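What follows are several structures.
Each of the two complexes below includes chain A, the first together with chain B, the second together with chain C.
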Partner chain A sequence: MNIMIILLIVLPLIIGILIFFLKKLEYLLSIFTSLILFLLSINLLFFENRIVEIKWVSEFGINFVFNADLYSVFSIILATLFVLLISLYSGTKNLFVDNTKKHIYFSLIMINLGIINGIFLSTNLVTFLIFWELAGIVLYLAIRFLAKKDNEIIATKTLYITGFVDFCLLLGIIMLIKISGTVSMRPFNYMLNSPYTITMFIFLVIGALGKVGSLPFHTWIPSAAERVPVPVATYLISVVDKLLGIYLLYKICGEIFLLKPNNGLMIIGLITIISAVFMALVQHDLKKLLSYHAVSQVGYMILGIGSGTVVGLAGGVFHMINNVIYKSCLFLSCGSVESMTGNSDLTDNGGLAKFMPITFITTLISALAISGVPPLNGFFSKWMVYQGVVESFSKTHSLVPILCLIGAMFGSALTLASFLKVVYSIFLSSPLNKNDKSEIKEVSFNMLLPMIFLSVSCIILGVFAFEIPLKQVIYPILSFSNIITKNIFSGSWQPVISTALIISGIFLGVVIYLILSFNKRSRLVKTYLYGEEEKFEGTVLPGTDFYISITEKEPFATIYFLARKKFFDFYNWAIGLVGMISRLLKFLFDRKIFDLYYIGKKIVFVISKFLSSLHRGNLHGYMSWIVIGLAIILLFLLK
Partner chain B sequence: MEVMDNNLVNIIIAVPILGSVLILLLKERDWNKILSSIFVFVSFVLVVVLYYNSFSNNFSFQKEHRTTYLFIDNYAIVMALVSSFISFLIILYSYSYMKSYDRQNEYYFYVTLFIGSMLGLIFSSDLILMYIFWEITSICSWKLISFYKKEQHIFAANKAFLITFLGSAMMLLGISILFADHRTFNLIDLKGRRISDLAMLLIFCGMISKSAQVPFHTWLPEAGVAPTPVTALLHAAVLVKIGVYTFGRIFVFTLLPSPVFQNFVMWLSLLTILFSGLVAYVEKDIKRILAYSTISQIGYIFLGFATNVYIGIIGSIFYIVSHGIAKAGLFLAAGVIEHNTHERDITKLGGLYHTMPITSIAFLLCAMSVIGFPLLSGFFAKFFVVSGIVASGKIFIAVGAILGAVITMLYLLRVYNKVFLGEKKFEVREETKIMLFVIILLGIISIILGIFPQTIINFLVKDSKLI
Partner chain C sequence: MLPLFVILPLFSAFIISIFGRVNKYFGDIFANFTNILLVFISFLTLYLLNINDLSAITYNVGGWRLPIGITLVVDYYSALMLIIINLVSFFVSVYSISYMEKYTDKTKYYVLFMLMLSGMNGVVISGDLFNIFVFLEVASISSYSLVAFGVESEELEAAFKYLVLGTIASSLILLSIAIIYSYASSLNLAHIALIINRLPVEKVLLTKFVIILLIVGFCIKSAVVPFHSWLPDAHPSAPAPISAMLSGILIKTLGIYTMTRIIFNVFFVGEDIFKLVYWLGIVSMLAGVIIALYQLDYKRLLAYSSISHVGYILLGIGLGTPLGILGGIFHLLNHSVIKSLLFLTSGSLEYSLGTRDLLKISQTNQRLPITKFAMLIGSLSISGVPPFNGFWSKLIIIIACVQSKKLFAGFVAILVSVLTLSVFIKVLKYGFYKKSLIEGQEQKSIEVKDVPFWMKFSMLGLALLCVFMGILIFPNIRDVLLVPASDILARGYEYSKIVFMNK
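The block that comes next holds the complex of A and B.
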């Protein structure tokens, strides 16, 4: 039993290092390993005693204590499952910019899996932090070695942001250790009522938000996602970071502190949703668009957890799981398109539904899920989040939850709008430049399988939301943290019945259509052009023009202009500020007048000059000194 | 056992100091370096023996050794271990770095004497003896910084010597006041006594002048003109560590400083950390950046000691170890770069990752260790120090220390990016094997200490006197 928990951490690390040096067999090795790990992690569910302790720096209580609580077990299952799917997917050749670096990719994924298993299993706060920071370093290495163009700049930016965030988390954890007097993580339920706990809360939350990529720590995500290969973006950006960040945020808000409505977190969530979705609306590159949505969806999770209600907390966690599923499905579909057509640009692709029907359907399902269309899973978790927000309003009666509710719904609508554009321009419209399409066909089975699996799970988790995810996963997790989960819903939504109604509605529609089409014959006519010449032939409305008008209207025009100029990139602000202060300090203080050496030199010279001016070799001068001296001595003697 | 170990200490100090004279007398070039490394290696091995004796016996040395003027505790052993080990590696590095220069016997004479007097200072329990060794190191550093004998070098050496001398003169005054109050120079007798504020301040000035803290810091960046092994020696093993070592020895383990004084030290250290970190962010000369980095990192050590909390003190000692190793690695890697490209301006360097991969990896490892990333020794050092600050209840200073760590990350990675990444500007080969061996070894030791910090920490915790 104990060996199993250790194996979950050590095995992927060893395999990762092995792959790195072996430089071949990476595909088979990682599929095989992740399959074993997946089975192991499922096996973990059926054991009672899940604690392992290994001594390390025991003088200060820093030991490896691995205790698999339910949340960790489920997170590990999800992580290993995704590694399995993505390894399966990554077997295809033209996914990577440089195929010679493929072994680096697989080895980093494996090492990362070991590290994040370590994060989920650690109950000791210090080892938790160590694994946590290692995950950031793996991210840095992945971007540095696998991204194309400017990889070093983006990698450094990522490391700076994650490093800053991790140092904040370090301080938060140290403060937690100080106040609780223990190094193990467990429900403390502190109140946010003293400056100390508020400071601690802020530093811990910065750690979580930075990982999950909410505002203002998001800026590395779009630029990295644009450049790295799709599987890297899928795994590291849309799966791992969300799993980790929400795990920590859950622990902070649900266990370390008492669950209470937190306006600050809710506002961060709201701003994240709105601003990222506005950015996503006008993107032309599918990967970049998806990465902005990855940021935007995080807002809902933060909103749910920040609402400080049980249903909101559950909704936040559930939304995280859903988001991981549909966002990876979208990323993988994007990868399929890219691997066939060679790019992920919205203007260059078009009309692919005919050639890649399965990819089209999976994209459509996950796009509907992310937009929150019932009965898919995204709708259900968003609905839970909204309920949490409403309930938080009834607790606090402040204006913030109402504002958040409106904003979040608006953001949801914008999400749908931006995915309409994606589906239209990639799959439905005819392309602007009609290249040879004969080579485009549906991708191979190993790529389709993960996509199909994920989109089917979108449907299942939505339709059977109460039965499968909530009762089996979310409620046990919450009750593990001593949170009561009875009657948390205030609204009523019966997904199974609704789905049945929706399906029967569609069925009815089809029947009516068929009946009517028997009676009337429809005929095709040419579009009436008022006698004008037909100039529209061959031109289509490109999907990228959909929301172009919003970028021309004030005040959005200014905002978009500033965003394009990286005005809202707080990273640039921070770095610029540090540079400015540094230059100022160097200019003001790192100069001779503040140098002790020069000060000393000046003083010595002044005194020496004065003394030497008294000794000019002038006889009269010396004589007068002698006389004055004699006078002083006599004065003292005669006293 | 006790007597034997005491004799061992005498031998540890005597071998390099007496041996250095022999080096000066020999004119044969090859013998100089070999003898020098042998003497330092002997000292290192004997310190290791001391370490094992101490680990296995759980000894207690301080049973009234007033006649010997030397004493041993685990703090001293750890410090001696690190100093002699790093010094030994630096001498190995000098084999090829200093090959083409004249006056080898002079160089190795001063280096060996330097290390010997450092070891003497570490083990001395008498303030006057400590002061004597202190001044010997000053003289050695003065001669070594000006080794190339150009005007700029002589200026830098004079500046270093005069500022540190100003500090040590103040310290001597402080020691005299201490003697006037307590009628003894012996640290064992002084244990647990109170000390007047003036004496404390004067002695502290001596320490910060040696450790190059604000406002006595200006000599250290200038001293970068010295040969690279010498700068590495100054920064990592010997010179600047003297100040923090004696701070720990006198103000933490011997005397009882007042809380006001501790507060003052903490704020001054924080100021040093932030100021020199920020200045390092805009400097262009790689050695100056590393020098400012040293100033900033030494601030953390003072900070940890000044908390007067157990975890902070242990953290500071561990910080000395980890910073010594990592900073030696950084300087020696910078030396490899300078040796091969003859360029120290980081804006003119670039793309060396492709031609010098080993140097690049070693540099990155050591930089990560200084920053405090986990699985490298710097993580625990920083973690313990910050824990100590939080435990002493000073949250503002803890936030400042974290900010300092972020700034450290900014400037060290800036150096790494500018030097090793980007477009390739130099067609050079990595040379020489012995230099590469030394820097990669230092990087690996950073990892080993990061994974097994308990080798040092358990050893320190075991000595009950260090509480």
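The block that comes next holds the complex of A and C.
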């Protein structure tokens, strides 16, 4: 039993290193390993005693203490499951820029799996931090090795940002160890009532938010997602970062601190939702668009957890799980499109629904799920988050939760709008440039299987939301953290009944349509353009023109202009600041003014020249030196 | 066995002067044979000291008992000095086989060389003050003539200066010996130590006066600033092997060894004498290295660097703590090896390229692999780059400074070490760069003759010593060699007890 917990960490590490040096068999090895790990982690659920302790630096209380609580176990199950699915998906050749680097990808994914299992299992704060940092390094390596162009710039940017937030996390953990007097993680339930705890809270939360990629630490995500191969983006950006970040945020808000409404977090969540979704609206590249949505969805989770209510917390965690599922499905579908057509640009693709029906359906389902259309899973978790926000308003009576509620709903609508554009321009519209489409066909089975699995889970988790995810997963997790989960819902929503109603409604609509279509009486109208001006010529309406007008109206025009100029990228600000300081220091110290070396050189040479000039070879002078020296010594010592 | 150290080289000088005319190679063979024998005997002395667990070996000349007769004493300190003197002079005499070919009279060279060697050995083994003076004069006078060996105007001028200033030193020493004899009625070091201790209080000032005269005399011999002025002329003018001997061992034997013997083992010296030595050390260190920075004549640069390193040794000794003394002695040994090596490389450059001007050396496109290698090793060692020997002794001196709370001295020691590094980086830059450093001057690609085997042999031997002498400081080896040597000095008066016990 103990050996199984250790295996969860050690086995993927070993396999990862093995793959790196073996350079072949990577596909089979990783599928096989992740399958074993998946079974192991499921097995973990049925154990009572899940504690392993390995002595390391026990003088300072730093040991490897692995205590798998329920959240950890479910996280590990999710992580291993996704590694299995993504490994399965990655068998196809043309997913990668450079196929010779494929073994690096598999090796990094395996090593990363071992490390994040270590993060989830560690209850010792120090070992937790060590694993956490290692995950950051793997992220850097993945971008450095696998990204297309500018990989070193993006990788460095990622490393700086994650390094900064990890540093904040380190400070927070040091403060936590100091205040609690222990290095193990357990429910402390501190109050945010002194400057010390508030500072600690801010540091810890920066660590979590940076990992999960919320504003203002998100800027590496779109640039990295645009350049790395799709499986890497799927795994690292949409699975690992969300799992880790929300895990930490949950621990901070639910266990380390007492669960209370937190306006700051809610505002961060709101800003993240709105600004990222506005950026997503106008993207042309599918991967970049998806990555902006990955940022935007994080806002909902932060909003839910920040609302400080039980239902909000549960909703945040549930939304994270849902997000991992549908966002991975979207990324994988994007990868399928890219592997067939060679690019992921919205304008270059079009009308693929005919050729790739299954990809179309999975994309549609996950797009609806992410937009929060009932009865899919995204709706349910968003609904829980909204409830949490409402309840938080009833507790605090401040204006912030209401503002957040409105903003989040607005963001949800914009998400739907954005995905309408995606589905329309890739799958439905006619393509602008009519390339030969004869080679495009449905992707192979190993790629379809994960997509189908994920979209089916979207439906199941939505329709049976109470029965499966909440009762089996979320409630046990919460009660494990001593949070009471009775009667947390203030509204009511019966997903099964409503699904039945929705299906019957659709059915009724179809029936009405069929009946009316017997008459063959219909009229032709102009296409409804949502109030847009008619700008296009011909019959094709390009999907990328959908929301283009928003970029032309003030004040959005200025904001978009600034965003395009990377004005809101705080990384650039920080780098600019550092550059300015270094230029200042260079001006002060590197010029001759404060240059100690230069001054020293001058002085030494002057002295040296002077002393050399004394050695003229004059014997009388030399003799007088001796006499003078002797006289001085006698004078001083014989007085 | 102890008289052999003097008798052998004297005898060899005598024999060479007679039979040197007969065969051209007689001097080479006989001198080197004598040197090998001396190296062997000096190691044997150390071995005897060690195996019999003795503090000192004494020998009464003519069987006259102490304190009437002449006593020869060898303790660990003297034994280490004997080893380093004879080892360096062995390498130098091997080097001379080829190098001295260009001078007309090798026989005379070997005669003078052997006389100088016997003088130095005599200074180290003598147990009484007058014999020290006599042997010191033997070594000095032969070195005056050796400096003038080239008989060009430059050499003669330098030798004359050296002669005048050296004689001033000798007369100061002789004067103080006369004063000591008038009060103590004895010249034996151990005996003087016993008597001077019992002198009445009002004579303390006189003792101090005598010590200062002696110290100044020995400082002139060991070229401490401001008494150094003969050295920058004499060292570059002498033939390279003689420069190596002078800078490597002569200034240390005639100056530092005698000075430490006197101030530690013979006289009651107060804190202020140590302070004097300490300040003389610091001034020498700084002045030597700063002037060396400005030099473009390779040998002159090395000569100034010698002044600076004598300062290091004095600093270590002037601290007066056991660790400081140990560091001083260790640096003395190391510097002997390093500086001899560097002077030998300067000889090689002069042999092959005909110049010792660094600018001219840099303009020639020369390939002298062994010489360059030896220069590199020597420069790194003298700049205190680990793991070469110079690093360890400087480190110990700096640690000793810090331990005795003299942070200023430690700072100066580090600063001088950095400056030394910059001096020798300059040497390496000029010596190793293939490109001309001066704009517009084309590099002369000249065909040079590589140095002969024997010169390479001694440079490589000394370079190996540089690399491996660092092990002397390792704990177990240190306890056998360096610690007993510094112990003798640190124990002060017990020296006389040891000598009397051994009579």
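The criterion applied here is as follows: the second predicted complex is superposed on the first by the 560 of 639 C-alpha atoms of A that agree within 3 Å, B and C clash if a C-alpha of one lies under 4 Å from a C-alpha of the other, contacts with A are read in each partner's own complex, and residues count from 1 in each chain.
The rule we apply is simple: a contact is a pair of C-beta atoms (placed from the backbone, for glycine too) under 8 Å apart; a residue touches a chain by one contact, two chains touch by 3 or more.
This structure is a prediction, so every number in the text was calculated from the model and none was measured.
Of the two partner chains, chain C is the only one touched by A:K609; chain B is not. Residue contacts after overlaying the shared chain place A:G617 against chain C, while chain B stays out of touching range.
In the superposition on chain A, A:S398 makes contact with neither chain B nor chain C.
By the touch criterion stated above, A:N43 is placed in contact with neither chain B nor chain C. When the shared chain is aligned, no partner comes close enough to touch A:T558: not chain B, not chain C.
With both structures placed on the common chain, the touch criterion links A:T182 to neither chain B nor chain C. Contacts of A:S194 after superposition: neither chain B nor chain C is touched. Between chain B and chain C, the partner in contact with more residues of chain A is B.
By the touch criterion stated above, A:L170 is placed in contact with chain B alone, chain C being left untouched.
Chain A meets chain B in the complex at residues 56-60, 126, 129-130, 133-134, 137, 152, 156, 159-160, 163-164, 167-168, 170-171, 174-175, 177-178, 196, 199, 575, 578-579, 581-583, 585-586, 589-590, 594-597, 600. Those residues of chain B lying in contact with chain A across their complex are 159, 162-163, 166, 215-216, 218-219, 275, 278-279, 281-283, 311, 368, 371-375, 379-380, 382-384, 386-387, 390-391, 395, 398-399, 402, 405-407, 409-410, 413, 417, 421-422, 453-454, 457-458, 461. By the touch rule above, chain C contacts chain A in their complex via residues 157, 160-161, 164-165, 168, 172, 205, 208-209, 212-213, 215-216, 220, 226-227, 229-230, 232-233, 272-273, 276, 287, 290-291, 293-295, 419.
Contact residues on chain A toward chain C in their complex (touch as defined above): 604-605, 607-609, 611-612, 615, 617, 619, 621-623, 625-626, 628-630, 633-634, 637-638.
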